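You will see two complexes here that share chain A, one where it goes with chain B and one where it goes with chain C.
== the complex of A and B ==
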């Protein structure tokens, strides 16, 4: 019964919560800029509006263009079912699921970049090239983080390793390794969800965009799907990060769901603060930042060898 | 002695008789331009004007900034062939393209002779008997672009319709990965035919054309227009009128510079300064509205003076608001210089060397950011600036940072200047009568608008009407600077470089 509740809670949170995080980020940014900002729920309204709209599809595109948003949403939701959002194991967990998790995220990206190339637009081609270039650096960082967790928990299942990460004693070498992994993961999160300093989700300047430019040709529900998919990605990476830094205890179920939710809000506020306090990196320095993330988790791994 | 030194000298805002301008041969005319530019002068304006008989005369205005002198030269083009000077003097490249387009001159040997604005010829019948021009002028942007070939080279076309609410312009990049080999800028989408419309003026409409030459430089262009009229009519303005004009000009500079600093920080994703400066720009625009009821200064300036007086209450209110907005601007802009992430984005991006700036004849903040102390308020002062001086702000790194920092320096200077002038506003009338324009005269006006030097040249005919009216917006000089700043840069830095130059499309397209 408890498992059933946990699973349904996980599914509901995974499906409904993500746009709220975007709203919180925007509210934080508005606060820093001395503005009132959009309503926190604006992204929900936007998604509803987009779902009602018609789709305009470029005549140069093929089925890939239509499939990409669908694949993005499905792959990212599947990946989301592997990361526990509370103190209970996630709905999907099996030995080796971390590889599937990483490649589900990569699958969404693969289709989005393919669709971008499919449009034949020079902007979107550039965006796709940037996206995969930077992914070459952020994927190793993610895998090094996973390696730290595997080593610490002696398990190859995402749920088990994330929950066991919560049982590391503060002050131990293992906790130092986790902190380094968390720093690395935060950079990966910013890169994967196209936030400042890596990308600017609010810019209108096509030449500087990375992720946004790839979905320029999407409209209506297709665009909505892409926005939703990237917000889900934000949620699962934030939850992942929280598991690495927060001690959650399966014995105290009710309280820990609350901690998780508060933590997610806090991560959104932190992202908003980072976006407000610094400018975007020059594009050619993005790999440097991502390599630094790899080094952080790499050295974290060395600590616990 | 060089030829150009023998040309008649002229002071900005004054008129001279057309007879006193020597009629040189085309060779001498070109020699004068080359020699003067080698000696450190700039080509301020170069244009053709047909006389009543249809024979084309060329005119050039050269500026010797160090000695605050303008030289005017003229030549008669007997046949319509003109050997290009661009290879000997880069500054004239766009003027020659314009000449070919407006006056149907066959410019031979120009390295890149293409239409500038895709406009129909200004003077369709140049010579008696010559038929009207056949064919339709090409559509803007429909032409061959400079191309780089090779397997890994790709071409990126941006515009003329942009994602932001900005003016139309087409940018063609030749790229290798993220690196830009070459950028070609094609404008002309905003061409409205202002020079043509002002011909045979001045009439009731003329000043409105001048006001709308470039919306964000309304004060700059209108002041230049009025100085031309006043120069031709030998009209003396009152001290009060000149002070109000200068205040309006500096308010325009304040609003635009503050807005640009905000937009620059927006382009690098630095939100606090972006939103604060966006709001503060509105505050400064509102101050212009206090002067005359229009946020952009429409209707404020008229030949002979200004149309709206400032009462004591308005002065008080302006001073109080300047104080508050000035302090808030300081805070918002300070954030920019204190953020290392912003400085990392500004420094060493879009560098234009001093030598290149000299070669291209850049003007305004873009030139001052390359270490050139060029400022028409200092070099060719007119109006109040003959008596009250604003220090010229110069920075020498030539990058986006320099162009941003120049704006901040000028914001501070303008704030000081406006406050001083408001406190010591001279008494008297705001308007003086303007008589008829002197026939057969040439007048040049130079005004340092916020974007750089605004130059208007007028030629009157025997009945004191405009035979030719030539407008040179600072953007006309500076677009080439932007194209060169992108050489070897990264394509993702283009929006930032573009914003740092902040050039006008309609000012260029006229």
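== the complex of A and C ==
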């Protein structure tokens, strides 16, 4: 019964919470800029409005363009079901689910980049080129983080390894490795969810965007699906990061759900702060940053060998 | 029932399929159907037998005695050889059907019959290779395969590129054969017989065994296309007719892997260094292959480089299995070997599928230059759909078959964490290879099939049923293994047990195949539901033009090209991939038309093999004087040889004594 509640709670959170994080990020940015900013729930209103709008579909496109937002949403939700959002195991967990997790994210990305190329626009082509290039560097970083966690927990399931990461004693070598993995994971999170300093979701210049420019031709529900998919990605990577950083105790379920939720808000605030305090990197330095992330988790792995 | 006899029947059918087709007229299409019919019948015989052997874990032997013991032919089919026979017969038959439409006799009166003759021999040679128990027969089968490949690459011998590719291939394959002759000679000296039997442990030193494995790795590696021995591969696969490329890439390369597996079963020693070296060699091949694939402009060359990548992945699984034997880790053996073998099947399926679809593109448009194609998904719906499926599979994305085999190898690599954690870092290389492959196929699929038509693709047309039926069958195979991996567990376990010679722990307990199936079905069901549901959510969809910042007359020349898509990645990876750039000279106020070109030429071929080859040729040029082409000279040479040989029989010692 308890697990049933936990699972349904996770599913509901996974489905409903993500847009809130975007709202919090925007509120934080507004606060830094001295503005009042959007309401925190604005992204929900946007999504609802987009679902009701007409779609304009470029005559250049094929069925791939229509399929991409759908595949993004499905694959990212399925991947999300493998990450424990709270102090309990995720709804789906099995040996090797970490590989499935990484490849589901890759599946969504593959279709999004294809849809971008489907429009035949140069801008979207540029976005796709950037996305695939940076993915080639963020994928190894993610796997190095996974290696650290596998080594520490001695299991091959995301739920088990993320929950056991909470048992590491503070001050041990393992905790140092975890901190390095967390830094690396934070960079991966920023890259995967197209945040400053890698990408600027709010820029108005098509020439410089990455993710936003890939979905430039999407409108109505299609655009809504893409925004929703990227917010879900933000949520699951943030939850992933929190499990690496926070010492949770499965015995204290009630307390730890609270801690996790507070943590998610904190991650959103930190992302907002990073966006407010940093400028975007030049595109050619982004791989360097991602390689640095690889090195961080790589050294973390070497620490615990 | 002797299943081996049925396999041999299949082989005979493939040998006959070519000559049967020669009965007809040069310009008529009738007999090519008979020829393909014979090939398919043979393929079905072979498949039935191979599946029976593999699923039942049986083995059959046949011996054809000859007067001289060295000429006695020993054949045996077991689970491991049956495992390799299945792709040979399956892809051999499907490609024969495909050839009916792709290489119609009436359109290729000069080369059609020749092509089918050598194609039948290629399939027969490969099938025999898996059966031979005797090193001499093995070499005969090997050369049959190698030489028919040479003639198949030469199908369009009027094209200089094909001649060049075939020439480089011939040199490479003979270099490999030379090493194999040395290898089998050593084995003959050690074991005292031509039979390929496991050497008894303790008889042969480690050093000699390492030499044997080294010879096998280089000799068979030249066929498999392991980096840096892959230099002949991209050109050869690009210049052969597409269904031949499909067979060469999908099946023939695996014969190199089969050879290495076969030699490993003969050697008793298992030092960990072997496993680690094979694993590293695999990682380097995988990375190098995919890296150079991205830089290609030629669709078939791009696919050929991906074969190098996939051979690398297969080799990683093999290395892990060998390491598992060295370290007595049954889990590594089963996961590594199962991953290696399943990837042999999977790569056979999706790479043939991709080459056949590329052939369909070539037939429809007349070019294989990616930068001239575009927007084909509208005119070639089936080809586009199956190519996308193949692309998803080769990138290892769920829920297709590539994911399953890579999953096995990943799991195996993660399992090394307990004993040799540093080796699990190769999983990171595999992850990067996966991301690079996705980038490469985004480029390939995006620029060939999506967007607007570039120069030539506006007159493209979909290919006929003889092309799309084999393609769809291969695609169905990819989906089937991806969605129901539990189907392949039994074959994998039988083949693995037959290789390692010991019962393996159950794969089903190590790999959550059921969960993978459920998630795959769930993914597909959700997609289907969403696809249908989309119609109800969308409000009257309107067609417009692509947003170009307000510009309303975008043309296909404004599209992002495949080269520019790859440029950023190649620049980020810096010095690893060197491209030759020809930039236009711009001068004056009104500059004339200019052209920009990049070319990625493999450094192994251009900077290592070619200079050495040139030096070698100039060194050997002196010997050309002996080849005068007149028959008198050759008779003289024979006479001299005879005299020299006779001189050996003289009682030289007595002669010496008598003289002095």
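By our rule, the second predicted complex is superposed on the first by the 305 of 305 C-alpha atoms of A that agree within 3 Å, B and C clash if a C-alpha of one lies under 4 Å from a C-alpha of the other, contacts with A are read in each partner's own complex, and residues count from 1 in each chain.
Definition applied: a contact is a pair of C-beta atoms (placed from the backbone, for glycine too) under 8 Å apart; a residue touches a chain by one contact, two chains touch by 3 or more.
It should be emphasised that the depicted structure is a prediction, and the values quoted were computed from it without experimental measurement.
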item	value
First, second, both or neither for A:246, with chain B first and chain C second	neither
Touching partner for A:282 - first (chain B), second (chain C), both, neither	first
First (chain B), second (chain C), both or neither touched by A:208	first
Touching partner for A:94 - first (chain B), second (chain C), both, neither	second
A:196 touches, of chain B and chain C: first, second, both or neither?	first
Chain B versus chain C as contact partner of A:136, first or second or both or neither	second
Touching partner for A:29 - first (chain B), second (chain C), both, neither	first
Which of chain B and chain C A:274 touches, first, second, both or neither	neither
Chain A residues touched by each partner, larger count belonging to chain B or chain C	C
Touched partner set for A:179, first chain B, second chain C, both or neither	neither
Footprint overlap on chain A, comparing chain B with chain C	122-123, 125-126, 129-130, 206, 283-284
List of chain A residues in touch with chain B within their complex	29, 32-35, 122-123, 125-126, 129-130, 196-197, 200, 202-208, 275-285
Chain C to chain A touching residues, read off their complex	374-375, 377-378, 384, 388, 392, 395-398, 403, 406-407, 410-411, 414-415, 417-418, 421-422, 424-425, 427-429, 431-432, 434-436, 438-439, 441-443, 445-447, 449-452, 510-512, 515-516, 519, 522-523, 526-527, 530-531, 534, 537-549, 554, 556, 558-560, 564-569, 571-572
Residues of chain A touching chain C in the complex	51-64, 66-67, 70-71, 73-75, 78, 92, 94-96, 99-100, 102-104, 106-107, 109-110, 113-114, 116-126, 128-130, 132-133, 135-140, 142-144, 147, 150-151, 154, 156, 206, 216-217, 220-221, 283-284, 287, 294, 298, 301, 305
In the complex, chain B residues that touch chain A	154-158, 163-164, 177-178, 265, 267-272, 274-276, 339, 341-342, 344-345, 349, 490-496
